[in-house]
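Letters are used for the chains, namely A, B, C, D and E, taken in the order the chains are written, and counting of residues starts over at 1 for each.
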Amino acid sequence: MLLVHEVDVFYGDAQALDGVSLEVPDRAIVAIVGANGAGKTSLIRTIAGMLPPASGTIRFKDRDITGLPSHEVCDLGIGQVAEGRQVFPSLSVAENLAMGAMIPRAKPHRARNLDRVYALFPRLKERHGQAAGTLSGGEQQMLAIGRCLMGEPELVMFDEPSLGLAPAVVQEVLRTIRDLAAGGLTCVLVEQNVAVSLKLASRAYVLENGRVTLSGTGEELLADDGVRKAYLGL
Amino acid sequence: MLWSLYGNVLVQGILTGLVYGLMALGLSVIFGVVRVVNFAHGEFAVVAMYAAFVLFHALGLDPFISMFLIAAAFFVLGYGLQRTLINPFVGRPDHEQFILLVGLAIMLVNGLLMIFGPDARHANLPYSFDSWFVGPIIVDKVRAYAAIAALAVSGLLFGFFRFTTTGVAIRACADNLVGAAVVGLDVKKLYALTFGLGLACVGCAGALMVTLTDATPMIAPGLTLLAFTIVIIGGMGSMVGALVGGLLIGIVEALASVVIAPSMKSMVSFGLLVLVLALRPQGLMGKRA
Amino acid sequence: MNLNPFSTLARLVDETPRRALVLLIGLVAILAVAPAVLDRYLLSVFFLIFWFATVGQAWNIMMGFCGQLSLGHALYVGLGGYVGAILWVKFGISPAIAILPAMAVAVVFGMAIGWLGFRFGIEGVYFALLTIAFAEVARIGFDNWSFVGGAAGFFMPVTAGGGSAWNLRGGPLLFYYVALAMMALAFIICALLRRSKLGLSWLAVREDAEAARALGINVFRAKMAAVVISAAMTAVAGVCYAFYQNNLFPSQTFDMARSIEVILAPIIGGLGTLFGPILGAFILTPLGQTLIALVEKIAGRSIPGVNLVFYGAALMAIMWFSPNGVWPWLKKKLGIPEERQ
Amino acid sequence: APAVVKAQAQTLKIGVLLPRSGFFAQAGQSMHRGALAAPAVLADLGYKVELVHIDTESNADVARTQAERAINDGCHVLTGAFDSGHTLAIAQVTEQRQVPFVINIAAAPQITEQGYKYLVRNFQTGGQLVTNGLRLIKDVMDAKNVKLETAVFLHANDTFGTAQRGAMDAIYPRVNLPIKLVESIAYDPRAQDLAVEVTRIRSINPDLIMCVTRASDAIKLVRDMVRQRFEPKAIISPGSPGFYDEEFYQALGPLSDFVLFGLPWVNPKSAMSQAFEKSFAKASPNNRFAVDSFNAGFTFEALLIAADAFKRAGTTEGAKLMEAVRATNLAEHVMIGGPIQFDAKGQNPNIGSALVQNQKRVPTVVLPKDVALAEPVLPMPSWQGRS
Amino acid sequence: MTALLEVQGVTKRFRGLTAVDNVTMTVNEGEIFAVIGPNGAGKTTLFNLIAGVMKPDSGSIRFAGERADGVPPHELCRRGLARTFQIVRPFPELTVIENATIGAMMRAPDVETARRAADDVLRKLDLFDKRAAKAKSLTLPDRKRLECARALATAPRLLLLDEVMAGLRPTEVDRIVAILKDINRSGVTIVLIEHVMRAVMTLAQRIHVLHHGATIAQGTPAEVTRHPKVLESYLGAEAL
């Protein structure tokens, strides 16, 4: 469904991604693991059209989307639950969700999607009038996911959805992701919580210093000694 | 006797302040969302004054009507400017934006001088000199109309930002730019829209001002400074703040003329500015950074 | 600052890239002998260039080095000018001495602004507005201060031909050299400062105040030092200007337009660079003058405002094509390396 | 090397430095129209002049450098510059280069008090303006037998306004006007309206408002008075611009009538001024001579003085030319007053003032009698029902 | 051993959130001490409190026997406390040597001496070759080392390192580990925040574990890794 080929990305003079290639099959969960600053977020932003790649191509459903602006990428069905949640703090929950459906592909299905999101996260319905900035971290993460789903995505990229959440909430969020994937959504999952994400994923990539150093199925990587040592502290 | 003096002065301050507030509102909206400080703001206001003047003299259009045309034209102008000239400067350091817009300001002022000459221009409406006498309080008709119009336009803008999805989307951009890109908002377009709206505000304010005072190219820098003072007092990026700041400046200057001396009134508003900066740097209505 | 000026100067020469040095020495040499061939008009234009380069250099300390945007430098120009003029007219004190109190007064005001701004964390446009506010308050204050003539102006007696150079009484040639010396001195001071501990702290504060603080830099003090030095240098230029014009009007000396004029050169030339303010002044002042003459030639009798329209357009164009200023661009063209270490 | 002056030039080249853009553009362009109309008249009088028109941009730095350039380009005499500050900036240059400088308009008394040797001023000083203005107020009260008991003095807090305030403070107690000066109010020249100031004056309710305004401020003053239905018996300016500018008539229409101002003015009965008026009509067909006559007239006279001196000196050499300028004695000229002559300081003491009143949107001389074209109207009719 | 840093019952709240919750710990002169915990546990906030960037809402901090809470960062730096930032903050427009010189300036009588000291530090951190490059053009590992170099140039007694190894390759991690050991041997006490457990285990003599702002364990690496709470909340989210 998504094909990233030999992508290089720079911030000014500093290189963030170096010849990264990866493949996301339809209806799969693909995990990307790597340390802080390895380039995971940069990769996601590049796919989402928020960072221009210096070279390489990105294809989505057999269409070259390299260099498309982010709102057009979004409109093709690539959604994103960004690092740090990125909700609109002074907007209400309902307004936040409405913003998720501003892209043309989602506009007609706004009401239906809103019902779905509220069904998925009843808590959001309770809080619909509250300013997003005053939600708890877990609620904000729900809102970020819900907002993303409002955009009718076919592929969702999750960037560290468990960041800063209490373990119980982490579990809830991860379960949601698993359920969404089971419901037919293609997922890219970036997590520092390596053990968990590898377990969920059907395929995984290890990113180090902007380069893919290892790839395989979740289980393969989980069994890999290097991975165990570097990321699991075992 | 004395209280009627204060009453009159207060009313004038409030009415004038609202119109200034509308002008400053444009600046605040642009800054709050696009994060560009429009150093040519007063110049645009003066361009609008001349536009209203021309429409009045060529077509006999009352500025209270032509204000809609001017707002529309300024919206388009702002949209285009943001798309072409300003956009590359978004996110760039203040001083670079400053030089760009100062350059623009110099061009506007002198362009107006070339076209219209230096004489003061004014739209004399049939009711320009009418007033209502409410007991000892005198209310200029045009001043009152202008204030009402300013309130109405501000109200429309508030409504737009509160109730339309596009309005909410613009607020979203101001709130969290990354978030806006994440959900697929077309940020460039929304920026252009915002700049357009900001200039539309100035357009309206300019049209209203030409019923109150006279247009000459040279008043522009003073208006820019005034708008900045208001916006910083009210809180950069806060829409209510701009109106509150305008009101406050209007009232404070008016009262200072009576209590201290007319020649010192802008000193008082600068004093107020310094006070606000020291005690509440984010402005009266601004959010804490 | 425990600098041995000579060794520091020697190192300065040593460290300045060769081509830049050649350029500099060449420029100074040419300017020193130039009056032999310059007519009086050009002398007066050069005076303005030097003057704006000096004040631009002073402003650059605050903004270019320390990152604090001042839009109210007319304040220091005006204060310096008034102090110098008052002391001369009312007490017969020579400007050569009066620059000290002139600097002191400007420094006091600079410290007031700095204290308010930096204590309360006022930054960017907000700080700029604070500086404007002070300049405007000073303008209105002087407008209403009858001891120095108020808005009607302060006039210095003319002593055409007579008077001594020490008292800055003389023709354009005197002012040419005085301004040239000011410009050169300002350049050297800035070059020394740029390499001093203080200068490096400024750069650190400009780049990232928080990180600077973590490295033991007292950010507040560093910023204060920038305002103080910048204000003092500007005040000296102010004294010179007052004696050049022989009269002072609050509406001109403290005008916001003047503050803006002052910052154009360093930004157009290249913010934070040593050559930027000079280069900027060498571009803008002649540009303004040339446009006047050019429009006059082309349009026959001049149309008021046309030349300024072009001037505004030029500002925009330079920012558009070279937002970092002309010097960084030129430096690349001339093959001058960043900085030799 | 500085341009070597060709001593035997046939025509006199005069640099006319006026603030045609920037803050003073309104006055600058008005004076410029006078300069445009002048050469034809001067030619008819047998003077040969060539004018170089220079815009000072209302900027002292530009005024100064352009003065240098004008002299480089061969100007033998400079004239200008309306604002006292710009005038002095130019005076620095002319003094050092020994080129005569004939000031057309600039009122600061200091200009002729500082010892400049190469300038003369054919304009009243601030003090003279006030003295003459106050005298005319007395005259008009006598002529119309109207009693004005109280007055407020309102002035712009700018260079000119403040100078006039100073003059007023010094002179008013000495002229024995039977009018009580209740208050003097300085207003901010950058203010957008004068509503509050008018409200304040209204609460004092004086018979007479004396004011020193600038062109666009006068409009604001009258407009706010009308809006507040404040009708003093008289509005009289003891010598300032504002009430006679075209923009004033345009903005206020009939409401611009009946205000009075005491100023040096074109003598409507002088032959030369009639010739000048004709030339003006040809040169600037879209502008009214009556309205521009103050600015245009003094600009013309400055050129006349220079041309005449050149004719007498027969040389363009600075010192000699200046000598001739100082020795000027022109009985026939355009402004009201005695012959143009200069005292030791370079000041013309013979300039007269007229009381001018706007009547049917035309500034009309109403006093002194010998040059008056109409009777003064006093007290001022109500704002209501004017046409 | 004497205590160099004493943190006594320190609490810091952000609006509703308690980022650091009644934390008490002591760091001895000469040791290497690690603070670990999941993302958002409050580690960086704790550093900010120690380094004087923020003031604790309650509790006290003492550094080298003197009260340190409420003391501004530049003053603490003078007393010998240096820190790195988790999100590296080099001075981007300045060169590597200028960056390091600024760090060394505080203790040097003049720029020349500071520059020489900076050169030494750069050599130690393998950055000497890149001294003329602008900091913004460095790669991440270089920037992390520059961050260290700059802090080290202040000649600190206590060095606070916030995730300096994050994002580095194992070989680079080993290199930094060696450098840190070296620095420690020369008498500098080190407190580090780290997620890279391999490094923590080899470096730290004692470990302090935070979770939701509160201390959940404290002790030697061996003790901590066996602690059930730690396993559950940090290492062992595996238990899903």
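Here is the rule we use: a residue touches a chain if its C-beta (ideal position, glycine included) is under 8 Å from a C-beta of that chain, and two chains touch if they have at least 3 such contacts.
None of the values given here were measured: they were computed from a predicted structure.
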{"item": "Steps needed, at minimum, to go from subunit D to subunit E via contacts", "value": "2"}
{"item": "Taking each chain's C-alpha mean as its centre, the one farthest from subunit C", "value": "A"}
{"item": "Farthest chain relative to subunit B (centres taken as mean CA coordinates)", "value": "E"}
{"item": "CA centroid of subunit A to CA centroid of subunit E, Å", "value": "31"}
{"item": "Distance from the mean Cα position of subunit D to that of subunit C, given in whole angstrom", "value": "37"}
{"item": "Cα-centroid distance, subunit A relative to subunit C, in whole angstrom", "value": "52"}
{"item": "Junction residues of subunit A, two or more chains touched", "value": "none"}
{"item": "Set of subunit D residues in contact with two or more other chains", "value": "21, 25, 28-29, 157, 186, 188"}
{"item": "Shared interface positions of subunit B, touching two or more other chains", "value": "110, 113, 261, 263-264, 266"}
{"item": "Chains touching one another, given as label pairs in label order", "value": "A-B, A-E, B-C, B-D, C-D, C-E"}
{"item": "Interface residues, subunit E side, partner subunit C - complex", "value": "51, 53, 72-74, 77-78, 82-83, 85, 89-95, 97-98, 101-103, 105-106, 108-112, 114, 131-132, 134, 150-151, 153-154"}
{"item": "Contact set on subunit C toward subunit D in their complex", "value": "39-41, 43-45, 48, 140, 143-144, 146, 149-153, 155-161, 171-172, 244-247, 249, 251-252, 288-289, 292-293, 301-302, 304-305, 308"}
{"item": "Touch list for subunit D against partner subunit B, complex", "value": "21-23, 25-26, 28-29, 157, 185-188, 190-193, 195-197, 199-200, 203, 215-216, 219-220, 223, 226-229, 245-247, 250-253, 255, 383"}
{"item": "For the subunit A and subunit E complex, residues of the former touching the latter", "value": "12-15, 35-38, 137, 160, 162-167, 170-171, 174, 192-193, 195-196, 199, 208-209, 226, 229-230, 232-233"}
{"item": "Subunit C contact footprint on subunit B (complex, rising order)", "value": "37, 85, 88-89, 92, 94-96, 98-100, 102-111, 113-114, 221, 225, 228-229, 232, 236, 261, 263-264, 266-267, 270-271, 273-274, 277-278, 281"}
